[in-house]
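Read through the structure below, which is laid out as structure tokens, and then see the notes.
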Amino acid sequence: MTFSLMRGSAIAALVAGAGSFGGAALAQDVTIVLPEQPANLEPCRSIRSDIGRVINMNITETLTIIQPDTGEVTPHLATEWEQVDDTTWRFKIREGVEFQDGAPLNAEAVVNSINRLMNPDLTCDSRSKFGDVELTPEAVDEYTVEIKSDIPMPIMPTLAGTIQVVSPNMPFDEEVNDPVGTGPYTLAEADNEHIVLQRDDGYWGDEPAVETATYLWRNESAIRAAMVETGEADLTPTIAVQDATNPETDFAYLNSESTRMRIDMSIPPLDDERVRRALNMAIDWDGMGEALFGPDVLRATQMVVPGVRGHNSDIEPYTYDPEQAKALIEEAKADGVPVDTEITLIGRNGFFPNSSESLEAMQALWSEIGLNIAIEELEANDWVRYLDKPFPEGRGPTLFQQQHDNNTGDAGFTVPVMYHSEGQYSTVANEELDQIIEEAMAATGDERGELFQQAFAKVYEDIVGDVTMYHMIGYVRVGDRLDWKPDLKTNSEIRLADIKFN
Amino acid sequence: MDKAEGASGPKPKRPAGPLRLVFRDPLAACAVVFLIFIALCALVGPVVIGDLATTPNFRARNLAPFDASMGPAYFLGADTLGRSLAARLVVGAQNTLGIAAAAVMCSLFLGGTLGLVAGYARGIGSTLILRLADVIMSFPSLLLALIVLYSLGPSIPNLILVLAITRIPIYLRTMRAEVLEVRERMFVGAATALGASHARIVFRHIAPVVIPTMLTIGAIDFATVVLAESSLSFLGLGIQSPEFTWGSMVATGRGYLSTAWWVAFWPGLMILLTTLSLNILSSWWRTYADPHQRWRLELPRRLRRRIQK
Amino acid sequence: MFTYVFRRSTQSMAAVVALLVLVFFLARLTGDPAYLYLPLDSTEAQRQAFNELNGFDDPIYIQFFRYLGDLAQLDFGTALSRNRPAMEVTLEAFPETLKLATIAMALALFAAAVVGSLAAARPGGVFDRLATTISLAGASAPDFWVAIVAILVFAVSLGLLPTSGTGSALHWIMPIGVLMLRPFGLLTQVVRGSMMGVLSQPYIKTARAKGVARRRIIFVHALRNALLPVITVAGDLMASLVNGAVVVETIFGWPGIGKLMIDAIVRRDFALIQSTVLVTAVAIFVMNIVIDLIYAAVDPRIRHQQT
């Protein structure tokens, strides 16, 4: 007691001399500690989580908002929209909104934002969501925009949720680090140590509670957790499962990432359905999931999380049954399938927390049912050679570690690329499946969802095209000053306006 | 080995060999015993308990040390996958020591040879070699690690290559400095005057003086290499799973320091004890190899204290 | 003296150029940067466009000549990941590392000189044993491990220091402490060894016989001569600190050049890799020349035979 008192006063003296340790001094300021420094602050690249977590919906906003739990699209800078014909969508822009630099938000500004995003002289990451589609936006009147595309885009309103609308005064041909948008916050400071956002009094919507937000970054999860614990920071959007030890401050959330091992279906012994089924049945899913990813992790049967349009909750996951798996392998062996061939498990180093441990666990469990598995953990750019078609020649049978993020609310960003015979990542070639996928991509509404559900069921139950693993869980630590809960989108954006004080 | 023995000691019947002397010094003796122990682990360990170190056992996940419930193999606890840490330490010894030893030997040989040439030849060749050392020294080892990892793939020999290249300048420069000094000594001058060949001068006169220094540096550098390898693992550019070393065990276990400290603590302790032992031995060896200091080791303790006063 | 500095400088410049050429070509052996810059679900056409935009699709020798041309105009290129001139970003980060490394090195050197000398005064004594073991132990533990444990103990459990970051004087304590552990351990050994050698020289024995105080002998007469080998080792260690404070910078969120370099390497930001290498290399070369000069100043024998 006396000791702690003495210590307290000694620290008080030190602090008085040196200033506080940083962090939240004022009642309406928050400090957020991120896992990495945002590479830059260019809005057209904000689909990258390091950038998006800072600027999305804080500095720049979008026409529409995708509701994380239902996948529903709701109005934001656009108040309503309609499909004019197959290739044209019409958006009504909210009136009376100004950019932070005073420029009015109107149809021209939206057209400019879309053209800037598509500008070939800029490296815009967010363009990837549109594939190779060509967009021709046009201002019909002051507050109406028509977006034409060269192929039908049934999910244009969803895509509009990824376009950050930026001020027409921002350089069109140059990437910037000082974004100007319509959001409730402006960029006050940015250097190698921190970024500060300041509340903008002219914001068109409700005034948020947080006045200034300071962003810091630390690579080590344990240190981010410690900073919130000691009050140096108020919030960190991601800590490792083993650091999430305090139920009062640490919350789990589905981070919209799903993991799988892709099966190279064209190469024996993986071309045999029994072997693929055995792969799915040989893993102690509950034991491994809890051990490596925490008790809240969700077993995945498909590569999109629940809530996304097209997610099929009727699919029954394979159960852990090593005996049955062993029997399947032996059966295949008896039929002459070369099950002794060495199968390479290709991983990517530092992919996600405990990713290499999961490889080692799966290797051990698959070896137990009589398969011959070797791990090869590669550097990111080396791993990528196996991701896309054409796959490397002479690779032998491979199982390929993959993590996929779909926070757009629509399975159309997942299914074609993963399972259509022409999909970029696809090892599946099934005509029936191709047809379902093509129909789904052209459909809208409930029909679209049902078709994707069919596709997922077919892949998982009939084709057994991959070993789907888990819907991954992130953990946040929130200081007791704040009233804030994470959601599916926390990985890609943290809306300061959602943060309240206790 | 060395005939110029300290004259101040009492006359032993014959000069005590290093092995007998080392056991008179308790600290050095402990170091020797420990190093022999881990060398044995590295040689025999993997054969005896290979499976225990790699098979996951989710029931023993993050098992605390000194917990008897899972049997004696788990007395040091278990890691995230429930693998016995004791077994992993024993198996990891092989990679750890093997990689460090190979890297040290490569860089010692290459750096030593270049340094010898640079010191002996002088002139333009010497300058070139020295600037080469500068280039290697300022080439970021992380970039080198990435280049090798990407273009040659993750493997133990490639890791050794990275570690060896980055350590070359140390040997090169030390060797050169030593050679320069030895050259100037009288006996080399005398030998040259007597018409000895270059090879003879290098191998008969210079090498015996320089090699003990190089070996001492090698022993200290062994520690540096083990730690460098660990840092590479920390940054994700070191040894890749499923291979592991003590260094990579610390690197992966660091995330558990606040919840399961033992995962990173034991391998860290092994690194510390190993490098400490090597350092103690090399410092002992320096004393032993120095004719002016050696008497300290040869005297019985009580006598030594009296002489110093 | 002047000619020596001039000759060394020109040689070093040649070495810097060789280094840059090496880095330029080797860095480009690490795969297609488009895969790391663009999201994984980008199309082939988008990657192609990216490479064309940044000139990565040209033959490598053309890229190299373009780089040389830019260098000649002191244009160090744009750090693609940062949207900013590479040299500007580098020069912002470099002083942070230099400050940290210099202070750590100075403290390590001072502490090592004192502890090492005292240990050498009575080799094999209690203080020697203790000092040797503790300093070596500090140098034998992985630095990231020490750093994280220190944060958990001093910042979280005891609440004495801030966890990380920059700002007050208190923020410097842990990064410097962790950074100086290894130099301190190694230098203590070097000082001890070198001091033991000096102390057995005849002139020290004479001084002792004359009745000069022990402390005075060590710190006044012997230390100056014992420092020679220490300078060399300290120089090498300093070079590795400037180049290798990565781990400490990463953990403590210190905005230095080590962290910048590893980010650039992982992201394949070629211009940034080249500019960080250039700056650290120049710093190391300058330091080497300075060390040689100090060496010559301390030891007259060397003055006339510099290579």
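Order of writing sets the chain letters: A, B and C. Residues in each chain are counted from 1.
Assume a contact is a pair of C-beta atoms (placed from the backbone, for glycine too) under 8 Å apart; a residue touches a chain by one contact, two chains touch by 3 or more.
All values reported here derive from a predicted model rather than from experimental measurement.
A.B. asks: Closest chain to the overall C-alpha centroid, by per-chain C-alpha centroid: which is it?
C.D. replies: Of all chains shown, the one whose C-alpha centroid lies nearest the global centroid is C.
A.B. asks: Have a look at A-C versus A-B and report the one with more C-beta pairs in contact.
C.D. replies: Result of the comparison of A-B and A-C: A-C.
A.B. asks: If you take the mean of the Cα atoms for each chain, which one ends up farthest from subunit A?
C.D. replies: Between subunit A and the rest, the longest centre separation is with B.
A.B. asks: Express in whole angstrom the distance between the two chain centres, defined as the mean CA positions of subunit B and subunit C.
C.D. replies: 21
A.B. asks: Averaging only over C-alpha atoms, locate the centres of subunit A and subunit B and give their separation in whole Å.
C.D. replies: 45
A.B. asks: Could you work out how far the Cα centre of subunit A sits from that of subunit C, in whole Å?
C.D. replies: Chain centres of subunit A and subunit C, defined by C-alpha means, are spaced 38 Å apart.
A.B. asks: Would you please write down the residue numbers of subunit C that are in contact with two or more other chains?
C.D. replies: In subunit C, 30-31, 148, 152, 156, 250, 266 touch at least two other chains.
A.B. asks: So which stretches of subunit A touch two or more other chains?
C.D. replies: In subunit A, residues 220, 222, 226, 381-382 touch at least two other chains, as defined above.
A.B. asks: Identify all positions of subunit B at which a residue touches two or more other chains, and write them in rising order.
C.D. replies: Subunit B, residues with two or more chain partners: 146, 150, 236, 254, 257-258.
A.B. asks: Please output the residues of subunit C touching subunit B within their complex, sorted ascending.
C.D. replies: 11-12, 14-15, 18-19, 22-23, 26-27, 29-31, 122-124, 129, 132-133, 136-137, 139-145, 148-149, 152, 156, 182, 186, 189, 192-193, 196-197, 200, 232, 236, 239, 243-244, 246-247, 250, 261-262, 265-266, 273, 276-277, 280-281, 284-285, 288, 307
A.B. asks: Given the complex with subunit C, which residues does subunit B contribute to the contact?
C.D. replies: 27, 122, 126-127, 130-132, 134-135, 137-144, 146-147, 150-151, 169-170, 173, 177, 220, 223, 227, 230-231, 234-236, 247, 250-251, 254, 257-258, 264, 268, 271-272, 274-276, 279-280, 283, 286-287, 290, 292-293, 296, 304, 308
A.B. asks: Flag every residue of subunit B that touches subunit A in the complex, lowest number first.
C.D. replies: Within the complex, subunit B contacts subunit A at residues 54-56, 58, 61, 80-82, 146, 149-150, 153-154, 236-237, 240-242, 252, 254-260.
A.B. asks: For a test of understanding, state which residues of subunit C touch subunit A in their complex under the given definition.
C.D. replies: 30-32, 35-46, 49-50, 53-54, 80-84, 92-93, 96, 148, 151-152, 155-156, 158-160, 162-171, 250-251, 253, 255, 260, 263, 266-268
A.B. asks: With touch defined as at the start, can you tell me which subunit A residues reach subunit C in the complex?
C.D. replies: 7, 11, 14, 17-22, 37, 39-40, 42, 47-48, 120-121, 123, 125, 127-129, 131-132, 175-177, 191-193, 216-220, 222-223, 226-227, 229-230, 232, 380-382, 384-385, 387-388, 413, 417, 424
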